[in-house]
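In the two assemblies presented below, chain A is common to both, partnered first by chain B and then by chain C.
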Partner chain A sequence: MSPLYIARSKSVAARMLGGEMMVMSAQDSTLFDLNDTASAIWQAADGITPLNEIVERVVCKEFDVAPEAAFQDAEAFVTELAGHGILLVSEQPIPQETK
Partner chain B sequence: MRLMEEMGQRALDLGVPLSVHLDITYRCNERCVHCYLDHEDHGEMTAAEIKKLLKELAEAGVFMLTLSGGEIMLRRDFFEILEYAREMQFLVKLKTNAILIGDREADRMRQLGVDTVQISIYSHRPEIHDAITKVPGSLGRSIEAAKFLKSKGLKVNIANVLMKDTAQDYPGVIALAKELGVHALLDTMITPMMDGDRAPLELNLSEQKLKDVLGDPEFAADVAEMSDCSTQMDHVPCSAAHNSCYVSPYGDVYPCVQFPLPSGNVRKQRFIDIWNHSEQLNEVRSIRVRDLPNCSACGNVSTCTRCPGLAYMEGNMRGPSTQDCEKSYARTGILSVNLQKKKAAGAGLVQIQALRSSPLVQIQQPAVAAQAVSA
Partner chain C sequence: MVLRDLGSFTTAHQVIIEIGGLPVGVRTDSAEFFNILENRYSGFVNAEAQPLFEFNVEIVPPGKVTEEDEPNVRFENGRWVLERGDFHAEWSPAAGTGMIRQSALPYAIDSAMRIVHSLLLADRGGLLLHAASVVRNGRAYLFAGVSGAGKTTISRLAPPDATLLSDEISYVTRTGEGYTAFGTPFAGELAKPGENVSAPVAAVYLLAKGNENTIEPVSKADAVRGVLESVLFFAKDPELVGHVFASACELVREVPVQRLTFAPDSRVWEMVR
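== the complex of A and B ==
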């Protein structure tokens, strides 16, 4: 399976509030309150690091979660945010200017 | 509880300034009869100063940023400021008369991810709207702009301030909003000038008209929703200085745009230091409903929309806001403690409207507000 690359969209409003990331989609104004794990993935979504590496390096290590379950959860989370234009997802690295 | 409300409560608990209203200019290309601003430029912040401020606001945790004025589009560097604000990932709302917004400007706003554009419309009839703004053709231009913005997919609100000469037209404004596919916000609040001059209050609705408007189901106020008073006494009177504040084009920080209590200046201090340590903001924060000498004992306390800023402009931030007393009376038919006292003192006696011009309306106090502003 090809690695997935994820990047934060520029068209969001986002702010850390009390340790949790609040993100609003500019596409449909849906507001998300990301928990610690989701916030960590969000922060690491640089368009260059594959999602599985983010999960291993950030989620599994910092939150002591088994890789398979963590990857499944991360994929579901990424798919949902991508549906609102909050994350960009690609099988290729995502260049800075397209975010 | 909706997520946005949860967010507001969390910010309140953490003392985070979730929302900031920033006026980037007081200059304006309209001359609305009810406006509370001095439109001369007394040294507004440069784009560089505003960008520095925006960075500080982001670091302080500000999420919602309202850019307003004056007329925001009169700044040649408006899009430079907006672009930076979005780079800082604020949820940006714009307030404008929109007469300088064409297809290109609307397109740029959409590209930059503006959340909402609020346009001031006073009537659906050009002869009425243009008489308020004193700019012939302004209604047509504002409507055109609303269409451009809407066509780009932006959220647009029409803000309709109701005055004695325009109030009869609010159903027409609502119909216009529906036709344009945008939302209409009705507001009955005319505020004194920021220097304390109360002349604009003469434009307020009559008692009967206020009653009619507030009784209209189209109007936003929902008495039932506001009527839980079980923990009312421990409530903070409003969000001003708790999770929101206002910054003027000159860098002055106030608890709210309607609360001209100077609390610091971002040209002299970092925003977060003002937010955390300003004596004035801390005083506003310390007030609970139970601390309000008249209002805590008032029969309208659970439904009143008392504005502490308007109370301050009447002379006492812990006192009543007579305009809100009048609104409460129009909604509930119950005379507030404040209005009862005025009545007992022989002022006006019957006509609440008459109290405005009576000698009992704290004549000295606007001057106090004016001193505070210029301090």
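== the complex of A and C ==
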């Protein structure tokens, strides 16, 4: 299976507030508050680190969860955010200028 | 020749309407509409102010001006285009000029002014909110909520020493470390403009009607959500939407936000502090 790469879209506004990461799509004004795990993935979405590596390095290590379950959850999460234009998802690394 | 020239000569009237410290000039050839403007915005006219820009109002016969039922606000070719069924407005920030085409009714200019100020505030870290606001003991209190949440009701119940800023649209700007609320002429069901005064914002209440008066804390995330639900902003502009989001987060960071459920009873004001 090809690795997935994720990057934060330019069309979002994000703020850490009261310990919660709030992200709003500037396209459709949808507002998300991310839990700790989702927030960790969001912050690690640099376009060059594969999602499975982010899950292993950030999620499994920090939150003590099994890699397989964590990866499935992460995939569902990034798919949902991608649907709102908040994250970009690609099977290739995502260059800086397209984010 | 001279007489013909004199015959076609029309006098332009100008009103400078200053809301939240931002003066906007409105020019019209119609004496009737000029009188409407002077009456409607009487507490907010400042003939001495230097307007940030000027709108020329072209009066057309009553009826639909555009096919847009909902406000449509977009930036194209270097100018803002504002449309709703009863008006069409264009405004070039670079040129400092704009035009509004509408009939000689106050509602259209009122809507256009609300949208213009929502855009001005978005660039300046401020917000236009669907909220009643009141000054008491030198501090402003905001009561945010959608239509039917009780904005006009809580305004009616305000004690005699309270000064109404608005029962419908509150005007909030960033000032140093805090926020200041300004009076607006934008009235709701009270049909009464606010007073043209300002005060530091002491608290924001997310308003709901209930059987008793209660104040509950809300998480920061819920506070941001509640504030954003009350924001008046129509422009589909990703950069400005980002500014509005940032302003809502900053407001929640700086000002206490709580949920206020109230019965239609003036004792609720004993809890507002």
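What we mean here is this: the second predicted complex is superposed on the first by the 99 of 99 C-alpha atoms of A that agree within 3 Å, B and C clash if a C-alpha of one lies under 4 Å from a C-alpha of the other, contacts with A are read in each partner's own complex, and residues count from 1 in each chain.
We take it that a contact is a pair of C-beta atoms (placed from the backbone, for glycine too) under 8 Å apart; a residue touches a chain by one contact, two chains touch by 3 or more.
Since the model is a prediction, treat every value here as computed from it, not as a measurement.
Applying the stated clash criterion after superposition on chain A shows that chain B and chain C collide. Shared-chain residue A:13: touches chain B and chain C both. Within the superposed three-chain model, A:31 lies in touch with chain B and with chain C [touch as defined at top]. Looking at the shared chain after the overlay, A:48 reaches neither chain B nor chain C. In the superposed model, A:69 makes contact with neither chain B nor chain C. The superposed model shows chain B running into chain C at a single listed stretch; among 26-34, 44-52 or 350-358 it is 26-34. The residues of chain A shared by its contacts with chain B and with chain C are 11-13, 15, 17-18, 22, 24, 26, 29, 31, 33.
On the side of chain B, the complex with chain A involves touching residues 3-4, 6-7, 10-11, 13-14, 16, 18, 58, 61-64, 86, 89-92, 113, 115, 155. Note for the complex: chain C touches chain A at residues 219-221, 224-225, 228, 238-239, 241-242, 245-246, 249, 252-253.
Within the complex formed with chain B, the chain A residues making contact are 10-18, 22, 24, 26, 29, 31-33. Chain A contributes residues 11-13, 15, 17-20, 22, 24, 26-27, 29, 31, 33 to its touches with chain C in the complex.
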